[in-house]
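Everything below concerns the one structure shown next.
Labels for the chains are A, B, C and D, by order of writing; each one numbers its residues from 1.
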Amino acid sequence: MSDQVRTAGQTTTPDGHSDLSGEPPEPLVGYYRQMALIRAFELRAAEMYTKAKIGGYCHLNLGEEATVVGLMAALCPTDYLFATYREHGYALARGVPAERVMAELFGKATGTSGGWGGSMHLFDADLRLLGGYGIVGGQIPLATGAALAISYRAEPGERAEAVMCLIGDGATNIGAFHESLNLAAIWHLPIVYVIVNNGLGMGTPVSASSAEPELYRRGCAYRMPGTRVDGNDVLAVRDAAAGALDRARSERRPSILEAVCYRLRGHSVVDPARYRTKEETDRLRSLDPLPQFRSQLITAGILDGEEASRIDTDAEQAVSAAVAFAEDSPFPGQDQLFARTYATPVPNTSTSLPGEPLDCGPDQSDRTG
Amino acid sequence: MTTLTYRQALHDTLRAEMLRDDNVLLMGEEIGVFEGSYKITAGLLAEFGPRRVKDTPICEEGFVGAAIGAAMLGLRPVVEIMTINFSLLAIDQIVNHAAKVHAMFGGQATVPLVIRTPGGGGQQLAATHSQNIEVYYAHMPGLKVVAPATPADAKGLLAAAIRDDDPVLVLENLALYNTKGDVSDDPYTLDIGRAAVMKQGRDITVISYSRGAVIALQVARRLEEEGISVEVIDLRSLRPLDRPAICASVRKTSRAIVLEDDWLSYGVGAEVAATIQEGAFDYLDAPVRRVAAAEVPLPYSKPLESAALPDAADLTKVIKETLDATRYPA
Amino acid sequence: MTTLTYRQALHDTLRAEMLRDDNVLLMGEEIGVFEGSYKITAGLLAEFGPRRVKDTPICEEGFVGAAIGAAMLGLRPVVEIMTINFSLLAIDQIVNHAAKVHAMFGGQATVPLVIRTPGGGGQQLAATHSQNIEVYYAHMPGLKVVAPATPADAKGLLAAAIRDDDPVLVLENLALYNTKGDVSDDPYTLDIGRAAVMKQGRDITVISYSRGAVIALQVARRLEEEGISVEVIDLRSLRPLDRPAICASVRKTSRAIVLEDDWLSYGVGAEVAATIQEGAFDYLDAPVRRVAAAEVPLPYSKPLESAALPDAADLTKVIKETLDATRYPA
Amino acid sequence: MSDQVRTAGQTTTPDGHSDLSGEPPEPLVGYYRQMALIRAFELRAAEMYTKAKIGGYCHLNLGEEATVVGLMAALCPTDYLFATYREHGYALARGVPAERVMAELFGKATGTSGGWGGSMHLFDADLRLLGGYGIVGGQIPLATGAALAISYRAEPGERAEAVMCLIGDGATNIGAFHESLNLAAIWHLPIVYVIVNNGLGMGTPVSASSAEPELYRRGCAYRMPGTRVDGNDVLAVRDAAAGALDRARSERRPSILEAVCYRLRGHSVVDPARYRTKEETDRLRSLDPLPQFRSQLITAGILDGEEASRIDTDAEQAVSAAVAFAEDSPFPGQDQLFARTYATPVPNTSTSLPGEPLDCGPDQSDRTG
């Protein structure tokens, strides 16, 4: 049981980034490809939102791409992921086609949740993406329960299933966080609580919301170890997550992983983030993991500039295709309105539309008023 | 057929369902070592062990949410919340998660979860421990809510709830645990969403559920001796609500009264009365009156508590007033 | 008299009450630096400083409970819960503490607390962020619940709530923030517990509140042109409920409809319909019908969401059906 | 910021108890008097419960007397106390006459809460006992808010007001604990969270409910210092509490104080505590703070056996008088039923008794159905 700060993966270069030299190149290019896809997707989502193709709230992963891709790289297909409402990138990196994500944002029947969920509620049963959740902290007990189900059914081991639960920095102050981490600790559940610390909950900095701003230390109240990792370093994130997942799988030891990253834009598409100064915004731009990782790959000779640009273009095209797909897809039919409320049909479930009379059974009498 | 208490019927059903299906597990505060605050789970930890009978810390939101998550992976948790009052600490998980997950994710997730919890006043437990608040759950699409009145119904509805793939609240009642009734020895389930005619009658319909239904039946039997023929409808299920059964009865009797332990305004009775006046408007000879609790935080002191809660005398009085007003020939 | 948005009326009233009484302070998530999720509190941190405008972490139960405790010591906190959906995380503090403390301690404690929170669907916020659940609070003795429909009422009811010594929920509505209306420049309060006749009429009464009242008024004005005279009652206060005002209107018009954004079963309309059939039984020429949301977790997708929510067309249809059924001479 | 374990007060004797030699004798006798009163009161309350004079739930402080009296000795009259439902002893030690406590248990109009609250809900506005609370953890946010009100109104200082919030060991696992302690820490509130660790929440031992069973350490997640003290040692409790209250008053530093004590009986009067073995029960008896403190006082020459017995007898008599008072007092009148719901009267508040028709205003029309 010990808390630790990991600024990088196995080894670190003098500028603080993970050393790429020992890494096989293909996965690295894959990470960049995913990061570029997320970047392009999110920028387009913002655009589609302002064009009113997307409704409701829309929260983006812009600036968090290294964290997203690093975490998803560590997750096995048999693992379960519970996300927050800021989850487009996670869905994409987990393997949900961009088409289906965009279609969900458009509210179309072909979307990941059939149009029922929207941006905040992406779900893919096959890929074990068990949902984005809009109630801050709401996913934490659910993820803990999923880990309970795993331990109920199977023994620990290297290939055992595990759960990853994403939590925003602001969400660590809510009661469900405390209750769930305590349960996971006393029940020895195979779960990794990932605190995606992007520095802000809406406009509130971590220092103003959390009396222990080193969030990876908050497991101390449950004797749960925590690790902090540079969320702009995709390999560091991947390795730290893999380590935490291993402990969850093999030893049923839950833990916290804090990834420190930054939100490049406002809380949601409509937030201009006026509470940030120009200096702060400039600083954030300079930390942007996308150009950083790109130039790292080029410096290491893994990509040349042309290849990198092609990846960027591919991403753009994939997103354009996703938009076209979403645009062309049908809305769910109104006949579907009452089809989702229950899994087990029972008598007398209401299926009245607004303004329809109540269903009070046949009026067989001949009496009138 | 065996005569069982409501408590024993619940206990035996839990045990039978656990024997039937390894996915069924129990979770809650003090259900294991302590054997349950109201002893519904007595002996089950000893029989099934801590894997199947999980004592939890005091964290309603956490363990109810964990049960929902476990249900999403296919377990069938049966959670005990010590009393319905404490369900308020878990209501975000129940309303915003258990009730939503199936629809909001386009049907990809199911939540085969049961929450058992007793409500009811009259035990001098004071304002925070004497509530019913069934209406909070009855109002919520995505949930199913049953409230058995008899040991036989407790068995049939709890078994149905455990086998149902949706989140079901089984509302028990502190005042019913020791009541007795005949229960068939064979396994069976009852339909969630169907009311029962507890007693046939001609002159007036009394609609109730849980403890209220038991009182209504007693009053009806007593009034029978006075020549008043009361039909008693036990709702059994608050969501879905069996509107056809309610209205069919009122179309026959032309008069209705709702009895409930809950506060009157925005209570269960409001929905029943609203339903009747729409579904049986042309048949009604008198307004549907509601016999319900006085609208105060329930006092501890016995005389005040008794004054605030509806009882058989209140129901009897309102039945007679309603019949008198419509010139029932006494 | 100035024309203000509902948002501005709320903002100005908060400011005026803070200037009037140093015990009034604001608490909530993102109300200060961020200026409020819906900008009701814009500028107030700059004007009053962090002592009077307290940004809180995300912990609804904690900060609502803290506001209750501060109120017990005589402060008059006005808490913003970002949307009513999140109030479920604080409902134990609201229902088991704010609503109970005065009575349960024999009148020794008071809780002069206001909780402001918007509800409402129709913004494509999906199932967990589109609820109304006003009925959870309206059902609860010890609470007062108002739901203003106009800027003028927003001012008068919020001011009344802040000066009241009991916990008052001021239910706002996302869809109303930008609506405009005339507001008197002088300070004033409105009675909590009294409904308003928004428009006089002869043929039928439509009862609603919050956004529903605005829609009802629009429909009534349109139908006036068709020669149908609709009386519109805006409840304004859900607890206490102004039963005399509702029934007085229906005794005049003989027909009533309730419009609400909430789900139909066990909704606000149930209480209104139940009240009418009891309080104006002999006057009713037709059943009270309720125009309310379809009973599903609200879908994100726009066409499905629209289908699930009641609108002016639904209300118009039911008004006409009700009049036709009672052979209103068109 | 440091957690510490304090087994005793200023100085400790070889047997582990606080050394009485430096203490003025009168307060010590006063502590014993209070402990004896609580003991006698609780035993009689149990008896009255079995005689059905008391209804509802009834939780006793038997075995916790040293903790109760030590805490109350540290509290100034200007401080506020928020308690749990296990609070008879706190009310007595705070100065509420035994008559009024017993009357409340009997549900009488002369009770501390006028008969509205019962055993779990004792309140005395003048003595700043701001209530016992039956919802586990429910008092924690309220107490935190009271501390906020203090800091809103006045500057810190040696004579500033402070809040003491009692919390059971089991209650530390609930979300409100986490949310409140975080708020107190970021807002620098004058509050002491006292964890009354009697080893059990109903039948659940601390080790089974809390992943950090050293409960005074749970403040680590908020950088809040904690102290553990022997709850059977009245002076140690008093001194530790006084220190924590001082920091709250003068520095606005919230802290945790854990008092380790034991519950001599079941969770409530009706619980036979079968989950405890005979050995465990015997061990608890041997730790009983009452005979211990009594013999300490006698050994130190502060009391002789006769005086001590007189105190015990006085306590018995006070409790008998309390029972007689409670017995003779009237129940609150039914005319009071609707008098307590609201502090500010408003129109249309329901005052209908069950079975009464709705108040729908005057029916002025002449029309009939």
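The rule is simple: a residue touches a chain if its C-beta (ideal position, glycine included) is under 8 Å from a C-beta of that chain, and two chains touch if they have at least 3 such contacts.
Here the structure is a predicted model, which means the values were calculated and not measured.
Relative to chain C, the most remote chain by averaged C-alpha coordinates is D. Looking at C-D alongside B-D, one finds more C-beta pairs in contact between the chains of C-D.
Chain A and chain B have CA centres that are 39 Å apart. Inter-chain spacing, taken between the CA centroids of chain A and chain C, is 35 Å.
Among the residues of chain C, those in touch with two or more other chains are 57, 59, 61-62, 85, 89, 92, 96-97, 103-104, 126-128, 141-142, 241, 265, 278-279, 281, 289, 295-297, 299-300. For chain D, residues that reach two or more other chains under the stated contact definition are 113, 115-117, 121, 133, 135, 138, 173-176, 178-179, 182, 186, 208-210, 340-341, 349-350, 357-358. Across the complex, chain B is touched by residues 85, 88-89, 91-92, 95-97, 99-100, 103-104, 126-128, 133, 135-136, 138-142, 239, 241, 262-263, 265-271, 273-274, 276-279, 281, 284, 286-290, 295-297, 299-300 of chain C. Chain contact summary for the complex, chain C toward chain A: residues 29-30, 33-34, 37, 55, 57-62, 85-86, 89, 123-129, 264-265, 289, 291-297, 299-304, 307-311, 313-315, 317-318. On the chain D side of its complex with chain A, the touching residues are 173-179, 181-182, 185-186, 208-212, 217-224. Taken together, the chain C residues at the contact with chain D in this complex read 25, 51, 56-57, 59, 61-75, 77, 92-93, 96-97, 101-110, 112, 141-142, 144, 164-166, 191-194, 237, 240-248, 251, 275, 278-283. Every residue of chain A that touches chain C in the complex is listed here, in rising order: 55-57, 107-109, 113, 115-118, 120-121, 133-138, 170-171, 173-175, 201-204, 208-210, 275, 331-332, 334, 336-338, 340-341, 349-355, 357-358.
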